[in-house]
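Next, two complexes with chain A in common: one pairs it with chain B, the other with chain C.
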Partner chain A sequence: MTKILDVENLSISFRTDEGLITPVQNASFSVEKGKTLGIVGESGSGKSISTKAAMRLLPNTAMIGEGSRIDYYAKNGQKIDVPSLRSGDPTIGRLRGGEIGMIFQEPMASFSPVYTVGNQITEAIRLHRKVGRREAREIAVDMLDRVGLTNPSQRVDQYPHELSGGMRQRAMIALALSAGPALLIADEPTTALDVTIQAQVLKLMKKLQEELEMGMIFITHDLGVVAQVADDVVVMQKGEVVERGTVRDVIRNPQEDYTKRLLAAIPRLDRVKPPAALTGKKHRPLIDVKNLVVDFDVKTKRMFRTDITKVRAVDDVSFTIKKGETVGLVGESGSGKTTVGRAILRAIDPPDGEVVFHRKKKGDIDLAHASAEELRAVRSKLNMAFHERPVHVHSLGGDLLRSFRPEMSLVFQDPYSSLNPRMTVRDIIAEPLVASGLMSNRDEVDARVREIAERCKIELEHLRRFPHAFSGGQRQRICIARALVSKPKFVVCDECVSALDVSIQAEIVDLLKNIQEEMGVSFLFIAHDLAVVAQISHSVAVLYHGKFVEYGPTEKVFYSPRHPYTQALLSAVPHPDPDAVFAPIRLEGGFRHPVATVSGEKVTLTDAPAGFDPNSAPVKLVEIEEGHFVACHYVEEMPLQNPGLASEISAPVRVTGTVA
Partner chain B sequence: MTDATQLSAAEAKERERQLKYYSASQWTLIWWRFRRHRAAMLAASLLGLMALAGIFAEFVAPYGPVSRDTKYIEGAPQIPRFCDAGGCSVVPFINGTKTERDPVTLRALSVPDPEVRHYIKFFVKGERVKLLGFIPIDRHLVGLSPDVDQKIHFWGTDDLGRDVFSRTIYATRTSLSIGVIGVLISFVLALIIGGIAGYFGDIIDNVIQRVTEVIRVVPIIPLYMGLAAAMPKEWSTTQVYFAMTLILGLFGWPTLARRIRSQLLSIRNEDYVVAARLAGARPGRIIAQHMLPSFTSFIIVDLVISFPYMILSETALSFVGLGLRPPSVSWGVLLQQAQSVRAIEQTPWLFIPAIFVVVAVLAFTVIGDGVRDAADPYAEAR
Partner chain C sequence: MGDIVLLRFTLERFVGMVITMAMVTVMVFLIMELPPGDYADRYAFRKYSGTGVNVTEADIEAIRRDLGLDKPMVLRYFDWIGGIVLHWDFGQAFAFETSVTKVIGDKVWLTAGILFATLLLTYIVSIPIGIFAAVRRGSAVDYGLTVFSYLGLALPNFLLALVMLYFANRWFGADIGGLFSAQYRDAPWSAAKVWDMMKHLWLPAVVLAWSAVAYQIQTVRATMSDELNKLSVTAARARGVPETKLLIKYPARLAINPVVSTIGFDVNRIFSELPIVAVVLGLTELGELLLRAYLDLDMNVAGAILLMLTFAIVFMNFFSDLLLAWLDPRIKLGA
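Right, the complex of A and B next:
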């Protein structure tokens, strides 16, 4: 086969304040025509930088080391020695776009918001090919059609913000391919996309590559994705290539320790054994969420008035979190996962519905409607009141809410933005104790901080440092320590591992599990990575457009999913196994809820028959087996023989949601 | 053996360095970067010298701001020298003076008398003054021996025989302090007004923004002039001084308030602010502990850059005769006296305070630049 790009002994260094750093050392790899090279590595392994060098996209402070060779074989057979090109050489312009196309991670950021998609694609075409405006537009429409955008002749005149993330990434692919490059570099092209969209984009890229006989470099941290698209794999670690080979060899039979560890760290949905559901009376509920509804106001400014439209982010969600339980919340972006978590914590004000926090003793006080006298009593013995009665979190406000804060906490997704860069680690961890007035004695606070830091495996001498000294994983430990320092009963983990490398992800998940065992805390674990959710969650809820479509014990929901959406979601997860069948279900034009028929205590689910009018029956969550709920078009049961049994029979069908 | 110990010593040193870097607070980091900015360091030392001279004006200046030397009216600067026709000396000296008549204009002129040498002395006894207004001293940094019947005027004297050097030192104190106090007043106002607008947003923000705009559109110089003219003539110089700073301070806040407001708005939804809210912190604590520290560096830059405006405003107002009035001295007052053709023609040394104004303003700007670079977390990437 003919090589397109041949990189040998590539070293790249940067001069920084900290001295000379060398993110890439002696890296060698090559791409052949019609083949896909996967470059795999964790963050900071130098995988992006080494390909950017091939396009001369490195910043000016970068220096390419002695003896480094990057040879590119152009379409006309000419060999281009990339590092030797002077800046300003027209060959660089030809190289970028004309010879090598590039797709970036963030589809939101890679289009200019002020030009139409068509404008940007035709510009690229006209830069590299001698064609007229009209002709370029035709090529652009054709490209958009090839990448599977419906109605390409209309899409071409739309602005990037009018397209969804998946459509935008398709348009980006069209842009990268429009000038007919011989090599396509895709830098984490699907990382920012939802799994179902990712599956579609992967299929598309594979198909286009075969049609156009391009070479492709696919940079990713996700071995599952690599297994699906790549022919050859290069594994990079700290700037060096540690292993190379065909995808089957590397994944099936890894030689290097690092590759083995990397493979072992990946949670695989087909191998994970989820924790068993907590059943029985022993496990008392901690939090009852009932009919939670969150609306956001979307303001449109007109000249003299502001129009407010309401967008329903969370639509009538009900579930229970037991003591010591982890409930996973999965769904694609925009499904309302984060909003559910924040609404329970009352970070969003004020949601409709109820959030009841159960405490040791039974008894009931609705803090929203309590008489002034009762309220005074509660205020004076605030903590006592909280200890004795279930707390209606949804109706707390002001000081009451503030003093209840230590009972619940949140671990954020991004460990970089959630730590105040101006505070030491010790102060950050201590903040929930100090700010809420739970503790004021400095020694006491210090003792507690140290205890929690040890539990979260933070070195004690690090407590004096500032967050800028830490890596992502260490920062996330700090975030967890902060969330746990007030010994809360309930913690929301909002995508708390998705920004981390797989090996660190595994550590954090283990840490959370240990903490749960030791401290008996309940987690609401929000994530889009199904395999991670399966590792840690006792039960799981699948959210779609603010509504539950399926909810139940993890082994039921993930391993015998009943709702078509859940099935599609699960089928879209790529397994790190080149021989695994990757057949993502594509739900054309959305999905139909199954139809539930109840006879006796048995619930039968049937696919909605063709011609079934979705409006004829409301959608409800129906309990199809113990604790396993599926959103169904609920069809009323056939007439009962014994009307006396009616109440008993309808009891298992706990209908928790309706849609108009 | 030695190798191993050396290695571990080097390692320990490296570890030490890392520890120092990682537990360095924001200010330490900024200081480290600032130190490398040579121009800013130079400007800072110049300004530091100026401020010190101003603070200890009584000690640094050989004479009081209004003391007259009737024997040396409109005298030229006396540059200390080491050599003259009569040979050289280790100790710098100035020549004595004698009075001559200008052959053309017949004006009385003080000219150096090469026959007489007066040696410059340090820590000499002189006028009895109160340092910082309450410590009585009679020693001054430099001067001539009290036995000599002559005074030293490095930068000459004005038409009343007052020492320009001493007056400039005293004026430095006035002008810099007006700058500092004016900036502080506007800073406090900006912090409160901008903080309220930024944290609470919505209607409160809207109202405050409109008020700010109203204040911003008022033309500044006519306004200052009007207010300064409204000051009662019978006010003492101290009262005028405080009124001036107040006026400058009260109209200086809008820019800074806007900056603070927009910064607060932009970080209001940062994760770590949400985290503070979820930790149970009250709004006051959230603003003071979590939000303000993250952009104090920007505020400092703004403050440093707004000093020159204050100083220039004061100088401009005093220059046109609407600000401070004699007998108080400020750079503006001094320059006002120098604004005649006669001064340009015959006593150009009266313009020396202008150099101070230029140097101070430039120094503040350069320091502002340096602080901005040092405070910019992305500076290293560039």
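Right, the complex of A and C next:
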């Protein structure tokens, strides 16, 4: 076996204002030609930094410790002692890109927005290969073709923002490979991508690696991904390598406590037991969403006019959230999950549909059509837990939203930017109460804040501190406490655990479950991570292009999915098991809805016949068993709205599409 | 597709510029009408005061009729703007008893020269230094530049002008004030005269650029620091782009955005600082003339200068818009 990269006893320290910190200590790992090394660890484990050292990409303040060795074996057989290279040595330029290629987590940010994709790829080619401008362009087009971009000769002249996230990551792979490196370092390359896109990118990387006989370092926090791509694994914790071995040994038979804990914390779709669906009369509905529609205007600039087209973000969505229930909402980016959450809370005005909020004493109210005053009357009953840019929320009709906050809560995805650094934890949690005028007596507010803080397992002495003193998980607790302080009946959690490490993710999920049991609150849990959704949701809805394709009890939707899209989505999740078959279904040209035939009590799902145009007939949700709905094309002779339920389920639908 | 977008963008901004300029002419005209009394009053007062001649309302009325000042305001506006557009005629400057065009004369070009030289000097100095400071963030050089910046911002212009004048006198001889050496002052324009002007221009340019340089260094340093931390810069470095080329191609191109977008402001600011510096350095330029025209209520002169200045600013804004669109293609796409 020929080693390409050999790292031994690597220590890296940084001079900071607070003194010397050492994010990597005595780390050793090596990569062989044609093999993949997975480096696994949570945030702050030093997994990225140690590979950056091999490319001399560390900032000037970094110091490589004594006795650290990084040997790189170049394509021409030369052994390069990386730390000994002086800055400015041309070997560094050759190492970067020419010998070692690198791809990054954020496909959105890794291309410069002001140059075309082709400009940046040909730059890499011409730096490392003696070719002319035209030839470099041809190579770039060819690479884009190889990574599976359609119309590569057109794409090459496009700016990065004209490509989707998945396409950009493919283009980045094309860029990294265009100069013919012997080693590819992939730093969380699929973390920011949708699960189906991730599956395609993983397959692609694997394929290209074999074709080009490259070595690969795959840095990730996701053991499922590692299990699918890596040959060997190194587990890092706080800058040290705690365990190493073949991927099978480490995952099947972990030796170290940390690895065991890490493995245990990962929610596994193939093992999770989702909460049982809430059935029966005693579970009253809290919110009935009926035929909800949301449109967005999309502007296209032409020479003398601007065209405005309406894009339907949410299309005829209906479902029920029961008291004390968690409804999961899954789907890929752009499927409309966030918009559904916001429309329910009336942060966006839905042009059509109803959102009926059932109240015990004051009767039902339709949130979608309620006036500002009526909305004010329900405040403190509904809450949101938001995701990303909090700005959006504030820009949406101040008064209306302010009146709402207490009844509804938001928990943001990014616990770092959603807390005001100038407020104490106590003030942050108390804000919804005070800002809405729900409570003004200081003692009352204090008592409520303490009560909620205890529920959310925030230590009471921490209430006086400022947010910067806390870790991501602790901050997320604060966000949750803030969402719950007004004792809402309903909280929207929008990607609220996505930014957290797995071990902390597990804690927060447990916390939400406990709170639900104690306070009887209902959640709309929006997430792209199917396994987390399975852990917490009683029922789940799968969104595709603003429509529900499948909806029902979690155990039914996730463990006997009936719609081809749901099946494709689930098949794309990599399980942390090196022996599991990873055969993501790739739906070509969208997907075909199944056709339902109902005769008497029996619902039969069949493939739509070949050549069937999915746009020609309306798609409707058909209840194929109790509470389990699947989007189907009605077949004409089928009676509408069959009240009877299928007592006998026909054989599962054959999957339409091909295995990629 | 890309070309159409660029064409549309340019056209949009151009139309915007023309509309703005049209509105500016109206505003300048209104400002000219603002002081009590009109040109006829002031003309008569100036011509006959102290001469013992008794001027009656009827005399003034006659002057007014002669000059067409008795027409309604709207018509007078069109007379005024028509004269400028068609004949480059800004009317009469009563204080000088000649046409505004003559009074302004060469001063337009001298002022434009000073403004342009100052702008150029500001950007040539501040952009590279700002980039350098950002790259060496936290170093002694960086701190030194920061201290210089605060000094530059705190030091009043006229004081700097005096100090510079003193040193320039010692090092370059006495003939440093003004924009020309004695022998060229009233000579007709020639290559030698232009060269002589260049030799004098640097002093006011340095004085006027001083605070702008200090300010822009900090701007460039701040945006450059942000840009340097972008993942796209790391990504470019990871594909082996040599450091100097990398800095210019990626972060610097975006880091000068805020500088480019404020060219119009800079023109205005330099012009406002011009009179006091002009007084100290003995320059003849428009800023000082504008001040004098206001004091004399010589509104035709004031209006002409005001109009030229605002046109210059509006045009520079148009220019900076186009430059920005070239620097960052996302802007023209309206993203």
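Criterion: the second predicted complex is superposed on the first by the 572 of 660 C-alpha atoms of A that agree within 3 Å, B and C clash if a C-alpha of one lies under 4 Å from a C-alpha of the other, contacts with A are read in each partner's own complex, and residues count from 1 in each chain.
Keep this in mind: a contact is a pair of C-beta atoms (placed from the backbone, for glycine too) under 8 Å apart; a residue touches a chain by one contact, two chains touch by 3 or more.
As the structure is a prediction and not an experimental result, all values here were calculated from the model.
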Partner chain in contact with A:G336 - chain B first, chain C second, else both or neither: neither
Touching partner for A:R482 - first (chain B), second (chain C), both, neither: first
Touching partner for A:T16 - first (chain B), second (chain C), both, neither: first
Contacts of A:P351 with chain B and chain C, given as first, second, both or neither: neither
First, second, both or neither for A:A435, with chain B first and chain C second: first
First (chain B), second (chain C), both or neither touched by A:S112: second
First, second, both or neither for A:P574, with chain B first and chain C second: neither
Contacts of A:A469 with chain B and chain C, given as first, second, both or neither: first
Contact set on chain A toward chain B in their complex: 16-17, 59, 61, 345, 347, 402-403, 405-406, 408-410, 412, 414, 417-424, 431-432, 435-438, 461, 464-466, 468-469, 482, 486
Contacting residues of chain A [partner chain C, same complex]: 55, 57, 93-98, 101-102, 104, 106, 109-115, 120, 123-124, 127-128, 159, 161, 172, 175-176, 179, 299, 301-304
Chain B residues within the chain A interface of the complex: 19, 21-26, 270-272, 274-282, 285, 289-290, 293-294, 380-381
Chain A-touching residues of chain C, taken from the complex the two chains share: 4-5, 7-8, 230-242, 249-250, 253-254, 327-330, 333-335
